[in-house]
Amino acid sequence: MVDVRFINAHKEFDDGYVGVDRLNLDIADGEFLVLLGPSGCGKSTTLRLLAGLEDLSDGEIQIDGVRVNDLPAAARGLGMVFQSYALYPHMTVSENLSFGLRMAPKADRVEAAEIARRVSEIAELLTLEKELEKKPRELSGGQRQRVAIGRALVRRPKVLLMDEPLSNLDAKLRNRMRRDLRRLHEQHGTTTVYVTHDQVEAMTLADRVAIMSDGKLQQHATPNDAYHHPANAFVASFLGTPATNLIEGVAKDGRFTAGDLSFDLPDHLKHVSGPGQYGVRPEYAQIAKGSGIPAKIDIVENLGGEAVFNLDVFGHAVRILYHRSGAEQRNYHDVVADGHVEIDLAVPSAMFFEG
Amino acid sequence: MRTVAVLILWCILTWALTGCAPSEKPVSTDDATNTLEVWHTYSADSLEEEVFETSIEAFRRQNPDMSVEVVRVPFSQTVMQFITASQGGEAPDLIRVADSHLTQIGVVTVSGVPLVEDLRPHLTPQQLRRFQPLTIEGMRMDNALLALPASQGTMSLLYNPDLFAAHQVSPPRDDWTIDDLLAAASAFEETGVDGLSIPLRWSLWVMPFLTAYGGDLFDAQGDPRFSATGFADALSLSYALEFDLGLVSSANQIDASKSKFSRGQAAMIIEGVWNLEDYRQAGINVRQALLPVHPDTGLRMRPLNTLIGWSVSSQSTNKPASVDLALWLTGADTQRDALNRTLTLPTDISVIEDAESHENPLIAGFMAQANHTFALPMRRGTQQIFLVMDTAIELLSSGKADPETALSGAETEMRAVFER
Amino acid sequence: MSRFWISLRSFILIVSLLAVLSGGAAYAQSVEASSAEDLTDYRRTGLELSLSGLQEGWSVEIRTDQHGVHTRIPVKDVFGLTRLPAEAALQACFSDGAPVHVDTDQQSVIGAGTQSLRCALTGLRPGTDVAVQAAIVDETGTLRAQSSEIRLRTDVSDLRLTPPDTRPILYLLGSILISLVLLLSALRWWDIRRGNLKSRNAYLYVGPAIVALVLLTFYPITYGIWLSFTDANQTHLGQSSFIGLENFGTVLMSSGLVQVGLFTLIWTVVNVFLHVTLGLLLALVLNRETLFGRNVYRTILLLPWAVPAYISVLAWQGMLQPEGLVNQFLGAEANFLGEATSARISVTLVNAWLGVPFMMMSLSGAMKAISTDMFEAADLDGVSRWNQFRHITFPNLKTTLVPLSLLSFIWTFNMFNTIYLLTRGGPYLGFGQPGATDIMVTYIYDVAFEYGDYGLAAAWSVIVFLLLVSFSIFYVRQTRATEAVT
Amino acid sequence: MSLQTASHKWYVPFEILSLRSVLNAAVAMHVVLAALELIRDRIDLAGLTIALAAIFALLRWLAPQALSGSPRLQIVRLIVLLSIIIVARLTLAGDVSGYAVWARAWSWIPILMVLAALFSPYTSTWTRQPLSTDDLAEGLARNRRLYPWFQRFGSHVLLIHSCVLVLLPVIWIADVSISPGNLLGGGIGDAFSLEHYQTMLGGSSFWVWTRNSVIVAVGTTFFGLCLAVPSAYAFSRFDFFGRRSAMFAFIVVQMFPGAIILVPYFLVMKTLGLLNTSIGLIVAYSVTALPLCIWMLKGFFDAVPRELEEAAKLDGCSTAQIFLRIILPLSIPAVAVTGIFSFLTAWNEFLLALVFNTSNDQFTLPVGLASLIPTDGQRWGDFAAASLLVSIPVVILFILFQRSLIQGLSSGAVKG
């Protein structure tokens, strides 16, 4: 049973900047948690707090039910993959992998034979057998990445921490590594905390995601929940590509009004009232020829099988993802008339965030 | 390997190109000039330098057709700088040197020509008669007269009469014996004041003891006679002064003793005339007495007498003028000025008479002491005596040799130095 | 006749006058001729007098219109006085064919019975006519006799040290310049032909530095090496001859070699070790970002580097005196620089004091360049601080440490100032041996300037040079073999 | 293995953690102290001190285990008692002086720390394994709180000791410079007089020397950089024939001892007509400083990414333009550092300045200072005042450039 709990964890830096603001977060045993958020949101700090590389200002972190606030990093039994990999440039791959084991405090040190066994085991797992005698600078990006992961795993950590490990790789390699990481997790079941700003990684890898902004936890849920039921406007706009359309206005008596724009709220939102943001994901907003709200086309981004319509709806920018069937014409004559389309925003998946 | 080949090729090329140089020698065109370059070694912005400048100024006024360029050279570097400049053809016309410098400079020849001019052909006998004969002799090496003496320096016994009065010890007198000196020094024991403060690890301060016990350090031919009777006793005494009697400080630098004496923490010191000014500034009462006499041998302790004078470079293009300037700088007026303003002991007989009856009793005393001094023989390597003697003292005080062995070793070494 | 001339050598020449003085009446005598080839000395000419009727207490005077009294020779009882050889005398005079007597003050005197006096007239102004007259004066200064006035003239024949001809050096420097340009152009052409187009301008870039370096140092070093094969010595500079490897033999056989060599080695190794370890230690401590007063500390610790070395060394020399600050603090009177062992330790420590700041500075720069991620990774692995230092910091500093320690080695090996200013190589514990704190370069200085033995000193220098070059090559090779970080 | 047991293993009370380092330092320090006692001729005290060093070493070896409840605890107590007796003896034997206070502080502090460790409740709790979770949590929190303080304290102790060592000569010089007369010795700050400063600043010589030194040092900095920067760039970027040998040649010339080649060097300068000029010294010093400058700059240039140059090349820059527009501006801190090295070389050099420039209006400060030393003895006061005045501009330069010095050094450092 290795679970991780952040209880009211708070980090204020010496210069007064609040990195993590009263974070409460439970990570279950064997869970793959992705800390997601834009840069500077405090996700890396959270990870470093957990690793013991930063000191908590307040609150508590528990691993396995034990308060580890004051435990040195090494005692927490964690493995970490750094964004820059932090491989030792002067050591070979196998030396890099075994370094942690060789340098462990006497009481914890394992025998040389065991070290060798573990290194070869990890090398096999990560298909690094051929590179063991090479120096990091002779490796490709993906290989370095795997060495970094191997180095974290070789100590059989209770919790595996990864700080944007894929950000230095090209798109193709990133895809592959993503699958490999997921597979690795499924084989080992090690509790993993993974920091990224890439929502695709978050959606594909995570058991659950924790979305952070400004040091605060915004939502902690499964990727699906976060996507479909965002806890707030931030989560809604952060998750999904293109981003969710958010229109600021007032809901009253089952109708939403934002300046000149006004339409009936969908059924599940009839009850809301007061000022707030109305959100519709571009993929769910619909072009409704003849019956919808008129909108002026600003630009159409053609993505092949689909297109993104950038629209101006009474002064509000709205983007709509439009799927088309193969036979349709290039100029979207079926929906577009005179540079205008009509759209339907009151769809069943629409969201309303008060405030 | 290729690099080496390229380098060798280049060297050959360079050599071949140098070979293209025309071979005839240029005709020397530098005739007698009216510019004299003078290197002096007074310390910067000192009173001595000022006195010197005054004298040069007076010379300029008297010889308006001559222009004199004055260059200050660090005293400690005189020899190296002069030898280097001479080899490079940039020697000055006139340079201020100490007798110890001359034993080094005097032996140097370049293409068979000595660096400094023998002054005898340039001076009339009557001009030389002006100087105290011993000071002239002190500037001679291999018969040649290498410099005109401008000043002499010697050490004598200085004491602080206030301390003697305070501790009711009778102050030094000119007829003291060494025993009296030691008795007085011992009398200050347990008063918190050093009786006698001298750097006995430095040969310069041991030599007076040696001369009192065994006479001259060198025989008439200038050969060392360190193993003569008496010297070993003197060395034993100086050893005992430090280790058994604890009468002197063990330093090998005068600064320590000097500080003690000038702060009233030492009653007696054997000190040079050149430091009198410092004691005057320190504001203590200082009197002088002749160094004492050995009770048995009857010989007086004689310190080393050092001379400083002016040499003419053999590179000078206007030697008559250089000699004139040297005569001027060693002239009675200049010496008298230096005596009165900077307490410099003269070499000119008439000025010496002034000094012997000087209103400053210290000057008169030092002048009297100057009659009881010894000079080092002017031979190549003489200046090594300090090193040799220091080594002997070091061997003795580190217990590596007894006085006799140390001294005979020193004598052998000194002979070897002279023969080298 | 012959003995007389031989003893005079080229020293004396006779020009002209003979004056005979007797009983107060003076009358002129014949004039002797002089041979021109003897006229080699400068401002010196001769005078011969015939004398009679001298009395003790009187004196013989030679007067000129330039000087007034030129020579005054007292007439004394010469019994027991020595005759000083003419070449040794201050005043070269001969009475009755033999050098005159000298009294206890080394002054020339003659006896009352002297018949003839022959004197070298020194100090006459060259190139001018001089009127000379001889006289006999009694003790009151009254003139008793006087010769007729004769006119003399001296020629200038100056034995002058001619400045060395610098034109060969000028040609050498010119040749160096031209051949360097040729060499570099050739190399450039060669490189381009090899297809190494990228380096087309490389020689233009390194050219000025190489030219300046070679121009200034090629001649001196070649000269130094050449000197080591000659018997160059201060007593006959410019006349030295080739003696092969004799100087090297002397060096290798010299009894001081082992002592100086050993102390040089210890001095260098200990110093480099102290520079590197203390520099590293301080750099490590100062590397901590959060340390309070870090900048103040660093500024202070850099002082020994900023303060000119000769000043701080002299300050240490004062402080290490028996009355100095160190002893005051300890309440002791130790003579640190006077005893062999403590002097050796003192000079080493003072030099360490001088060298640590440079090392500290350079290393803390290099240390900053090491990625902190690596240390965090090691932290997570539970690697102890010491092991972090040993396995991460140190290997990553190696690329900086190798050249730095090499430079430090060379500098320390040739560090003249510290030892020279502190102890001058002393204390000396054996006659004719190097001092306890002499290292090779200070000993070379002594050999060159105290003993004047340039050839021997040059041989020592060449040996130092070869030692350092071979050490550097070895060191660079060794470290390159083990070094693996780019 | 659960985290619970792991954290047990990782927990050692602060007293013991810090005791280890303190005892290490104490052992080393007492060896030094024993040597100092020998210097003071107190052989008895030296013996006691060395005994104390041995005791501390023994404690260092025994204490962590012994304190964790083994029977050796009794032995440790005995040893501690013994050490207290020795230190008390040492304290009583010493006089009241700065040295005694300092030395005894080094003896008492470790002992107090041992005592604290012996009697601390945290230690006794710790020895009583197993620990309760609360004890563990409290202990860990306490370590977390105290240990950084201890480390900082240790750093400060080390740095303060170093700074005192560094400052001693400076303080000494300062004291001599404000003491009247030209004497050594006397207590620090026992007398005050500005006469030496008046002498130095009042005379014209000092200003002439300073002017020359500034001209020569600035000239060397500039000219040295002009030589070093292009060649370092070439060594860093181009591969040409003789590159390695040329790099090596630059240090080789420094290996020939200077004394013997002074005369030929003098002749070279004379031939070039550079005697008694600032330019002569500038050229000579630039060449002296070349090896280090080139090695350092090469390190920096190596650190500038090649991509930048390639980008500039695509933008149409020539090699010279790349160098002047891209590389040079990027390595300003490095060039500044190298410049300071050249400056110091020129500012401090003595022998060449002495021999090449005899004319008094060309004296540099080092030669000027040497010319303050009179025939007999030493004008200590004037010399000290001048020394301080000489050092001040350099120290100010260092303070001003410190940041860029560190920055410059860290971006490339000296690399082979």
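Some points to look at:
Note that the chains take the letters A, B, C and D in the order they are written out, and that residue 1 is the start of every chain.
Rule of thumb we're sticking to: a contact is a pair of C-beta atoms (placed from the backbone, for glycine too) under 8 Å apart; a residue touches a chain by one contact, two chains touch by 3 or more.
Treat the numbers as computed from the prediction; the structure is a model and nothing was measured.
More C-beta pairs in contact connect the chains of B-C than those of the other pair, out of B-C and B-D. Chain geometry summary: the mean Cα position of chain B and that of chain C are 19 Å apart.
In this assembly, the C-alpha centroid of chain A lies 88 Å from the C-alpha centroid of chain B. In this assembly, the C-alpha centroid of chain B lies 40 Å from the C-alpha centroid of chain D. Centroids of chain A and chain D (each the mean of its C-alpha atoms) stand 49 Å apart.
Annotation for chain A: residues 72, 74-75, 105, 108 touch two or more other chains. Counting partners per residue, chain D has 184-185, 241-242, 263, 267, 270, 370, 380 as the residues that reach two or more other chains. Counting partner chains per residue, chain C shows two or more touched chains at residues 164, 166, 187, 318, 321, 323-324, 449. Applying the touch definition to every pair of chains gives A-C, A-D, B-C, B-D, C-D. Interface residues of chain C facing chain D in the complex, by the touch rule stated above, are 164, 166, 169-170, 173, 187-188, 190-191, 196, 198-199, 201-206, 208-210, 212-213, 215-217, 219-221, 223-224, 227, 281-282, 285-286, 288, 291-292, 295, 297-312, 314-316, 318-319, 321, 323-325, 328-332, 334, 336, 342, 353, 357, 361-362, 364-369, 399-400, 402-404, 406-407, 410-411, 414, 416-417, 440-441, 444-445, 448-449, 454, 457-458, 460-461, 464-465, 468-469, 472-473, 476, 479-480, 483.
Chain D meets chain C in the complex at residues 36, 39-41, 95, 97-100, 152, 155-156, 158-159, 162-163, 165-170, 172-173, 176, 184-185, 187-188, 226-228, 230-231, 233-235, 238-243, 246, 248-261, 263-265, 267-268, 270-272, 283-284, 286-287, 290-292, 294-295, 299, 319-320, 344, 347-348, 350, 365-366, 369-370, 380, 383-384, 387, 390-391, 394-395, 397-399, 402, 405-406, 408-416. Against chain A, in their complex, chain D makes its touches with residues 2-4, 6-7, 9-10, 133, 137, 140-141, 143-144.
Listing the residues of chain C that touch chain A in their complex gives 290, 371, 373-374, 376-384, 387, 391-392, 395-396, 398, 484-486.
Residues 6, 9-10, 13-18, 20-21, 25-26, 28, 79-80, 83, 86-91, 104, 107-115, 120-129, 133-134, 136-137, 140, 143, 145, 201, 249-253, 255-256, 259-260, 313-317, 319-320, 380-381, 383-384, 387-388, 390-392, 394-395, 398, 400, 409-410, 412-413, 416-417, 420 of chain B are the ones that touch chain C when the two sit in their complex.
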